[in-house]
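Shared between the two complexes below is chain A, which has chain B as its partner in the first and chain C in the second.
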Partner chain A sequence: MTATERRSLSFVEVGEAVKGMRSDEVVLAISPAFADFFSQTIVGLPHAEVVRQMLAGIEEQEVHARCVRVKHSADLAVLAHTAAKLSGSGIGIGILSRGTTMIHQRDLPRLSSLELFPQSPLLTLETFRNIGSNAAQYAKGESPEPVPTLNDQMARPRWQAKAALLHLKETERVDKRCKPTEVTPDFSASATG
Partner chain B sequence: MTASPVSEVAGEGPRRSARTIVLEDRPVNLDGFVEEWPEVGLVAMDSPFDPQPSIKVENGVVVEMDGVARADFDFIDQFIADKAIDVETTEASMAIDAAAIAQMLVDPNVSRSEVIAVTSGLTPAKLLAVAKAMNIVEIMMGMQKMRARRTPANQGHCTSARDNPLQVVCDAAEASIRGFSEVETTLGVVRYAPLVAMAQQIGSQVGTGGPLTQCALEEATELDLGMRGITGYAETISVYGTEPVFVDGDDTPWSKAFLAAAYASRGIKMRFTSGTGSEVQMGNAQGKSMLYLEIRCILIAKGAGVQGLQNGSISCIGVPGAVPAGIRAVAAENLIASAVDLECASGNDQSFSHSPMRRTARLMPQMMPGTDFVCSGYSTHPNYDDMFAGSNLDSDDYDDFNTIQRDLQIDGGLRHVREADILAVRRRAGEALQAVFTYFDLPRITDAELEAAVYANGSKELLPRDVLEDLKGAQQIMDRNVTGLDFVKALEATGFSDVAENLLAVLRQRVSGDLLQTSAILTRELNPLSAVNDANDYSGPATGYRPSGARWEEMKRLRHVTSAANPEQEVE
Partner chain C sequence: MTNVSVVGVDIGNSTTEASVASIDSAGTVSYRGVALTRTTGIKGTVKNVEGVVKSVMWALDDAGISPADLDVILLNEATPVISGLAMETITETIVTESTMIGHNPRTPGGKGLGVGTITDFESLPEVGPGEPVLVLVPHIFDFDHVAQQINTAVLRGVNVTGAILGNDDAVLVANRLSVPIPIIDEVGRVDAVPVGMLAAVEVAAPGQSIRTLSNAYGLATIFGLDPEQTRVVSPVARALTGNRSAVVVRTPSGDVEDRTIPAGSLDLVGAKRSAVVDVSRGAVEIMAEVERVSPLVDVHGEAGTNTGGMISGVRQGMAELSGHDLDDVRIQDLLAIDTHVPQEVRGGVAGEVTQENAVALAAMVRTKESGMKAVAEAVESALRAQGATKVTAIVGGVEAEMAVLGALTTPGTDKPLVVLDLGGGSTDAAVRGIDDKTDATHLAGAGDLVNKLIDAELGLDNLELAEEVKRCPLGKAESFFHVRLENGAVKFFDKPLPSTTYARVVALGEDSMNPIPTRHSLERIRNVRRTAKERVFVVNALRALRAVAPAGDLRRIGFVVLLGGCALDFEIPEMIADALAPYGIVAGTGNVRGTEGPRNAVASGLVASYAARVAADHKPNESAAVRIMNEGVAAGA
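== the complex of A and B ==
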């Protein structure tokens, strides 16, 4: 990606999200402000690239991907568990605007999960592709190695306050009355920068 | 969030000042800073949405506090009003101007107990008003007088990125000889806890002995280890300043008080933990400033009857650290804990800044006046081994820390120790653990492993253990109901009588209950030192604790000091 070719992403609402019937699907739940008020993660990865990588990771396993927007909560566990419950395979992914991500399974308790990626500043596009791929493998009934993640002692001083700020901004956009909606990603190349 | 950061490439855009480029590369610019947002609580201590102080008492019951009628209290208000505030004195105390109370805190002619007679009746909003009247130097002056124990002390982290018990036993022994009064551990793999906590308990008692140990775990396991005497105190009992955050953790102030009572019933020292920034971090600050919410936590600890509190933002330090006056607020929360007569383990225990200058500046408000524990977790190994996610100070900083003590003649609880002495206690500790592992039929510790651990700086230099076998051994320790007394027997039976005696002396304290007194530690002679027999008596110049005598002589020693008698040599 160069400065002049930045892919942008918006999600088009299709209707109320319903439980999928195909057992070979993964549902991705995006947060209230994802690719909406926010356009990039905490470290500036464009949401368009993040979603593209996750979908590619799912599809490379020959698994179908479906997206839903959750507006009633900015709690990652709620997002991911909602996705899992809507998914025909029982496997879902939740992602917050800042990039924090979780792979969930519908039969697990909400505060448990298959894989959690709590340190949003350390997630790369490659990590997101692997997350998609792992979720798809769970959907096929496989047991993939958990996606390796980085650890950084100094992430706290650099990112903790910004993470709190982003969470507060996301929480402002929560509308408890809304039900999850089925959405389709609309990628378009636009000249920016 | 719409601006694109992508164009920040050399050669593009307007010409940059060479000086700006130098400054841009300074470590401080890797730290995160954010603008205040008081409506959601992203503000250190000065929010227009904080309540105004007020109190009304009827028939010995608080019926209004800080503008809220009793009927509208949340459970934190109710707990504080019923358990923390002295209804006999509150109306008189609340009538005193906040600035006048701040004056009392600073004025050496007003004794510590006179101040506490007033603070016992203050509400959270009033205590906030008092703190807001004080600048950072006044906060430090207040701390110098209000610290409960006369003699300051320090606490270390003893963890291992590989959860290696041998590293922990060696680092705990070194921490002890370097002067730490408490050491705590936690785990990457939680199932390793029994072996690592055991290693810490044994290592801490090698040599002179004395440090108390704890293991930060899920609360039930932490209590179990404490009751068995595998640890000696408990600290990770967290409380929060808003009801939703408390409820998220399935807790109330009463459930935390019940847990505190469980520890007290066995004579085990414990303190609560809280800190500025946790509520806003979890998105539930209810529009209140970080310090106001932290004061509610301090009064929960007071009301629960625990002897002390670990505060100073702790794991949320990146949040107050990012807003204006945040580090002043962190110093103020330590002061308020001390000002309501609690032991204060005062933070400086989490990675805080990329800037060495900022790290030091953040430390001074606790290190200069002295607190009960200047750090509530100084990493006694390189920060990469710190399983509490890194500390503000680590083993790389030992010589700097000792030099600052000597430069300013302030006591942060540590001392320089000769390499030979350090190697000796590390070896003795490793051998003790090796023997105890064999005694309990745990996976063998080889001589090669021991040799590596004695000389290691961190886990990267250790020989790897068979983790699965160790985890089986850890489970056996729990299944066989092994206790601290069994460690004493094992040490005695394997020729480590000196370590056994020290450990027995530590365990015996829970029978006398002396470590339940405020700010209790053990001296090198294994005698309790607390606010009862070592009460802070500061009352101005030439009074209170000052490093002197043998302690000052010990503080004068550094790694390299040129001898005055023979300048061609260094002082040994």
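== the complex of A and C ==
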């Protein structure tokens, strides 16, 4: 990535999300405040780059991607499972504003998952690319190696307070009455030197 | 008293089996109970006592006989062989300079063939219009930027014919280009690719493989090679066969070497003849020499070579296991098998992997007499302590003979009969002719070698998993509720499967499902499993039968009964039956006493042979037992 480009991301709503018919798609569900109230993850990764890398990971596997915004919950399992149930392939990804991510499959119990990335401070753009890539491979019926992740015992004490605050802000934006909406990502690149 | 209660105990490498029976004075046997436990310690050592006592107690319980009423316990003289394994690669592929061979990224972009000069991505703006170039892009560049720059260059009239990327970005870049070009990605060491050289990139459509770069004359056409140079590049073309994408760089002295590692030679010492054979010549020649010099007396490896290391490793392991001096360990049989192991190419730039040839060796060592007498004494005192106050322990017979006697209780068998015991470490065969003469042979290579082959060929690096792959049929978890089995059938589940198995090839155990964490397809794993079994069990079955058959003629064997753990396998018995069918042999898994399957043959044989002696003696049982025990001691000494 070149340092001269900085992208911003906004999601344009196109209507109520419906269940996909094509079996070669992965649905990405974003949380109520993702790329909206918040614009970066807990460690400052821009949401624009996070989404771009995940979508790139899916595209590189020649699989179609679709995005939905979930407003009725800020629970990661709900997000990911909603995405999976809307996905034609049954594979969905859920992501919270602070970066915590999950790959889900529609036949699994909600509180289970295919792959869970619970330690948001340790996730890098490369991890997000791999998450997209793995989700797409599951959609194709392949058997990818689970994405390698770091594990840091100190992440919890160090980041728990900030994570709790971010989660509080996120849940403030939950609107129980809303149904998931189909959104399209709009990247606007601006050269900032 | 008229009836005597006996228990026959077979101490095997992995399981200890017991059969309880009552014998009346006429020698009529009625079997009362059986039990099976895990063998404790190494077979033939006092550590076995724990397992023996446990199995006897269980068997008595099963039969409803009180320990106090047990008269005789019969143990077998264990087969005095142990076996060891070793594996060594004998070829290696070295890439000099930077021809990328075997690099097969999973998602190349675009399709077609592109030929041009390799140009660094950053100097792309300086390239003049019309020049054919292949763009080389390091990791640091983003796919959007790369696509943009290539589009700009194409607009200026530069003839961009293809691209080589460091990142896994080929499809992303290809999707963003105005003019489609073939793109290869995931090249780990972009810095090692020589800039300024003529090169060719080829990508085939999904499901297809490349045509031009895998053809020696295709390479000759692109690079304008003369016949001598074409001869040099032909290994390159061969190495690329079957790939979906490839890059070949023409460098002044670039070469792919497919070389044989000087693996060293084996010195086979036979009873009458001896021979020296080079390990790199492969399994077929080694086995031909082994057969020629047989019976083997010992085997040495050439000092200072891989083979030398391999043989001395086996020797060392066996010396430790048996407690013998290193000099007393003599290798009495050897099984060599050709195999392929995935190895990283030396000098490669993208972590390329090729299948290198390797030879796996299983060696068998005959140990000095086993410590069965000591075991018998220890078992006796341990059982007495458990309440079997009047028990006498007897070493009742040699394992091979007892196995034949037990196998003959299988319905539908007759002499001449051969017993094939397919164990973990060795393949044992015993024959009983019409004249009741018994002959036995012990060969290296069995279940453990199959595990090793599966482990190496699939690159699992996990012998327990390899054992699972060997024992269980395969399936693929296609959803959370159904598994497609290897025979094409589908099995449905009410509850969702564990998420670790989703979309994976799994080994289907009795009540477990083990995911196999590799990218190999179900067909490939199945193929590896079946060929490993064939190369070990079918080859050894034929070798063993040739060794024991009258005059080495397989047609003179009537019946073959398979025993041992591997006889319970779901495909080995039918493989062996298929291989033996042309010789008119009836082969199948044993069913000892019509009820026990391939288990308990030796234990039943011990009881049967004891009963025969009781009947022959017509004497009070106690004194017979003592007399036979004395005979046993004399025979063992």
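The rule is simple: the second predicted complex is superposed on the first by the 184 of 193 C-alpha atoms of A that agree within 3 Å, B and C clash if a C-alpha of one lies under 4 Å from a C-alpha of the other, contacts with A are read in each partner's own complex, and residues count from 1 in each chain.
By our rule, a residue touches a chain if its C-beta (ideal position, glycine included) is under 8 Å from a C-beta of that chain, and two chains touch if they have at least 3 such contacts.
All of these numbers come straight from a predicted model, not from anything done at the bench.
Novice: With chain A superposed, do chain B and chain C clash or fit?
Specialist: These partners fit in the superposed model.
Novice: For A:56, decide between first (touching chain B), second (touching chain C), both and neither.
Specialist: A:56 contacts chain C only, not chain B.
Novice: Regarding the shared-chain residue A:108, is it in contact with chain B (first), chain C (second), both, or neither?
Specialist: Second partner only, chain C.
Novice: State whether A:148 touches chain B only (first), chain C only (second), both chains, or neither.
Specialist: Touch status of A:148: no partner.
Novice: According to the stated criteria, A:165 is in contact with first (chain B), second (chain C), both, or neither; which is it?
Specialist: So A:165 only meets chain B here.
Novice: Determine, under the contact definition given at the top, whether A:15 touches first (chain B), second (chain C), both, or neither.
Specialist: Once the two structures are laid over each other on A, A:15 reaches no partner at all.
Novice: Once both complexes sit on top of each other, what is the least C-alpha distance from chain B to chain C, rounded to whole angstrom?
Specialist: Result, nearest C-alpha distance in the overlay: 6 Å.
Novice: For chain B, which residues are in contact with chain A within the complex?
Specialist: On the chain B side, the touching residues are 1-2, 4-7, 9, 12, 30-34, 37, 40, 42, 277, 280-281, 283, 315-319, 321-323, 350-354, 383-384, 386, 389-390.
Novice: Under the touch definition given earlier, write down the residues of chain C that touch chain A in their complex.
Specialist: Chain C reaches chain A through residues 107, 140-145, 168-172, 175, 478-481, 496, 499, 502-505, 517, 519.
Novice: Quick check on the complex: what are the chain A residues that touch chain B?
Specialist: 3, 6, 37-40, 44, 74, 153-154, 156-165, 167-168, 171, 192-193
Novice: Going by the contact rule set out above, which residues of chain A touch chain C in the complex?
Specialist: For this pair, the touching residues of chain A are 1-2, 5, 56, 59-62, 90, 105, 107-109, 112-114, 129, 133, 138, 141-143, 145.
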